[in-house]
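Labels A, B, C, D, E and F are assigned to the chains in the order they are written; within every chain, residues are numbered from 1.
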Amino acid sequence: MKFAIQINSAPWESQACETAYQFSRASLTMGHEIVRIFFYYEGAYNGLRWMSPPDDENPLIRRWSELANEHGVDLTICISAAQRRGLLEQSEAKRLGKSDNDLAEGFRIAGLGLWVDACLKADRLLVFGA
Amino acid sequence: MKFAIQINSAPWESQACETAYQFSRASLTMGHEIVRIFFYYEGAYNGLRWMSPPDDENPLIRRWSELANEHGVDLTICISAAQRRGLLEQSEAKRLGKSDNDLAEGFRIAGLGLWVDACLKADRLLVFGA
Amino acid sequence: MGVLHLVNRSPGETQALAQCLDRAGEGDAILLMQSGVYAAMKHSALASRMEQSIRKVNIHVLAPDLAARGIAAEEVMKGIELISYEGFVNLSISHGPILSWN
Amino acid sequence: MGVLHLVNRSPGETQALAQCLDRAGEGDAILLMQSGVYAAMKHSALASRMEQSIRKVNIHVLAPDLAARGIAAEEVMKGIELISYEGFVNLSISHGPILSWN
Amino acid sequence: MKNFLFVMRQPPFQGSRIRESMDMIMTVAAFDQCVKILFLDDGVFLLKSNQNPDNPDLKTSTPLFAALELYDVEELWVEGESLAERGLDPSHLILPVRTLGRTEIAFFLAKADIVVNC
Amino acid sequence: MKNFLFVMRQPPFQGSRIRESMDMIMTVAAFDQCVKILFLDDGVFLLKSNQNPDNPDLKTSTPLFAALELYDVEELWVEGESLAERGLDPSHLILPVRTLGRTEIAFFLAKADIVVNC
């Protein structure tokens, strides 16, 4: 079975990202495929590289990146959602004179077409978060 | 009359920041004082410098900065809320090897003590956002 | 001095208004703003509870938020006062403390 | 194939569950998760509506979210099935499309 | 080709929510998929006529819905009960819509391949 | 010295919400202000006993409430009706609390200088 996942919530405001992560892990373990995890609306904030919570709290960001590393899951953040909120795509960042890479490991920034593409390739779309 | 304002919402998820801004403008016009606008929880995202919404949408960020410029309003983002979410305070940013300034004009990052200070100096606290 | 209650969600979204009406006391004021202004309409799901509360609590609605949503003054329940942002500031002075029912 | 409805808020917070129960049809499944699991408790505000719905809709609750909140299996209404994340994945396969009532 | 159903249950003026939802809808339409929109609960307020923020920063989404026709998105459905509970009927709306009864919603949802709450 | 009243109406596990709220409370306490906490509506679930996520990333806030005593925050109030509507009574809670009736809430709120919903 092929799943497309959409995440609409910022990482620290709810349990939505956590549930999406656990669902993704479980489905991969069961041998299913995650076509893509697409971050939209407030979900774009998941891609900020510099999240630095207190030591005793595990930043979800590292676990997303692990999912990408270990299972090759495609983590795509919508470009317009990201730029609106202050996370710039690389060429735009360069144009504005930024030098840091603010995108967390394993994420990429791309257009909504990839969301449609995931919906078309998957058997199911699951939407997590407000 | 002295007001302390607390903002808990990210800029694009609700009307909360808009209402807080209009309240602040109105109270300043009427001759009242805004002791401080303190950004907490998801409100920390208001300080991200690089918000780039479509041209026909006015980024609230510029209006916060205007409020700081024109009226000297103190815009303080909670340091722990900001760092948790990926907006680093300057010395921490340096320590991690970042070179850009990611904090929007007119904002500063500081501790919760300034929130208490605002509550103690003000006649009223108003909290906007989820 | 009564408490000022801020309600920014409609009764079709959350329980916030119902929960606020359950607690607001004599002399308190309620300000409906943002999506909360839908509760000021005559046909709101909580219309009868609002009518009961109007007898003891002063209920206000932020006029610019009504206008933005296409709600005409005639659509608003009797007994609810339309106010501007200046009115909001004045309510924050005449009442306190202020509680947001988010 | 029935629809899978995801409900992640408690009836004490939002109208989402009530609105979902109003629309879920025969053969649909509902999964209560996150704060939505509070609605699985025998004493929830919507208990009687839940009982009615259980006759036509399959209602499930995410067990790890129950445990996190200190809700024992005995506190859950009869007729609601406890499932794991694997069970959630299986529900997403046996039902479709999937609607989140956020 | 898949059947996409967008379910709108949120009232207007929730930040950029509707703008971003409409971007999704227009992108799906540009991919020549079948698109329907269903307005439920407070989502029907999106279509209320006379929305007019005098505040330039609080943009109404009304023109976005009017533009849907250009993208051949013409199937706008509203639940009658959601309107009635809010004292509205189709004549109060900015656009012509098709009406469904509450008991028809389950079947209507089940017919879609992809349902997106927005 | 001011009277701060923190009103907790949200259930647990809303991201870092409670942790950040507790930071506020502890900071106010460190400034030697008078601190009360009132649990209303779903906020009473914060105090439900036996909370135990086996998931290490979903931390329970129970220890944070237990630590309040160290900060001399001892006035924890719960609305009896909020408990009863959820099938709970004070014996189901992790900490001893004082109970208020619904009709007493308005007066209780009015006595505070600063009310913070968290």
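Here is the rule we use: contacts are C-beta pairs under 8 Å (C-beta built on N, C-alpha and C of every residue); 3 or more make two chains touch, one makes a residue touch a chain.
Fair warning: this is a prediction, and the values are worked out from it, not measured in the lab.
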For chain B and chain F, the touch-path distance in steps comes out at 1
Label-sorted list of chains bordering both chain A and chain D is E, F
Of all chains, the one whose CA centroid lies most distant from that of chain B is D
Taking each chain's centre as the mean of its CA atoms, the one lying farthest from the centre of chain C is chain A
Given over half shared residue numbers means same and under half means different, the chain A/chain B interface is same
When centres are defined as mean Cα positions, the distance from chain A to chain C in whole Å is 38
Rounded to the nearest Å, the gap separating the Cα centres of chain B and chain E is 33
Between chain C and chain E, the Cα-mean centres are separated in Å by 27
Expected list for chain A, residues touching two or more other chains, is 10-15, 22, 41, 53, 57, 80, 84, 125, 127, 130
Among all residues of chain C, those touching at least two other chains are 12-13, 15, 34-35, 64-65, 96-98, 100, 102
Within chain E, the set of residues that touch 2 or more other chains is 13-14, 16-17, 41, 55, 58, 114-115, 117
Pairwise, the chains that touch are A-B, A-D, A-E, A-F, B-C, B-E, B-F, C-D, C-E, C-F, D-E, D-F
Note: in the complex, chain D contacts chain C through residues 11-15
Per the touch rule above, chain C residues touching chain E in the complex are 10, 12-13, 34-35, 38, 41-45, 64-65, 67-72, 75
Residue positions on chain C within touch of chain F in the complex are 1-3, 15, 19, 22-26, 28, 96-102
Counting only contacts in the complex, chain A reaches chain B at residues 10-13, 41-42, 45, 48-54, 57, 80, 83-88, 92-93, 96, 98-100, 102, 130
Chain A residues touching chain F in their complex are 10-15, 18, 22, 53, 56-58, 60, 63
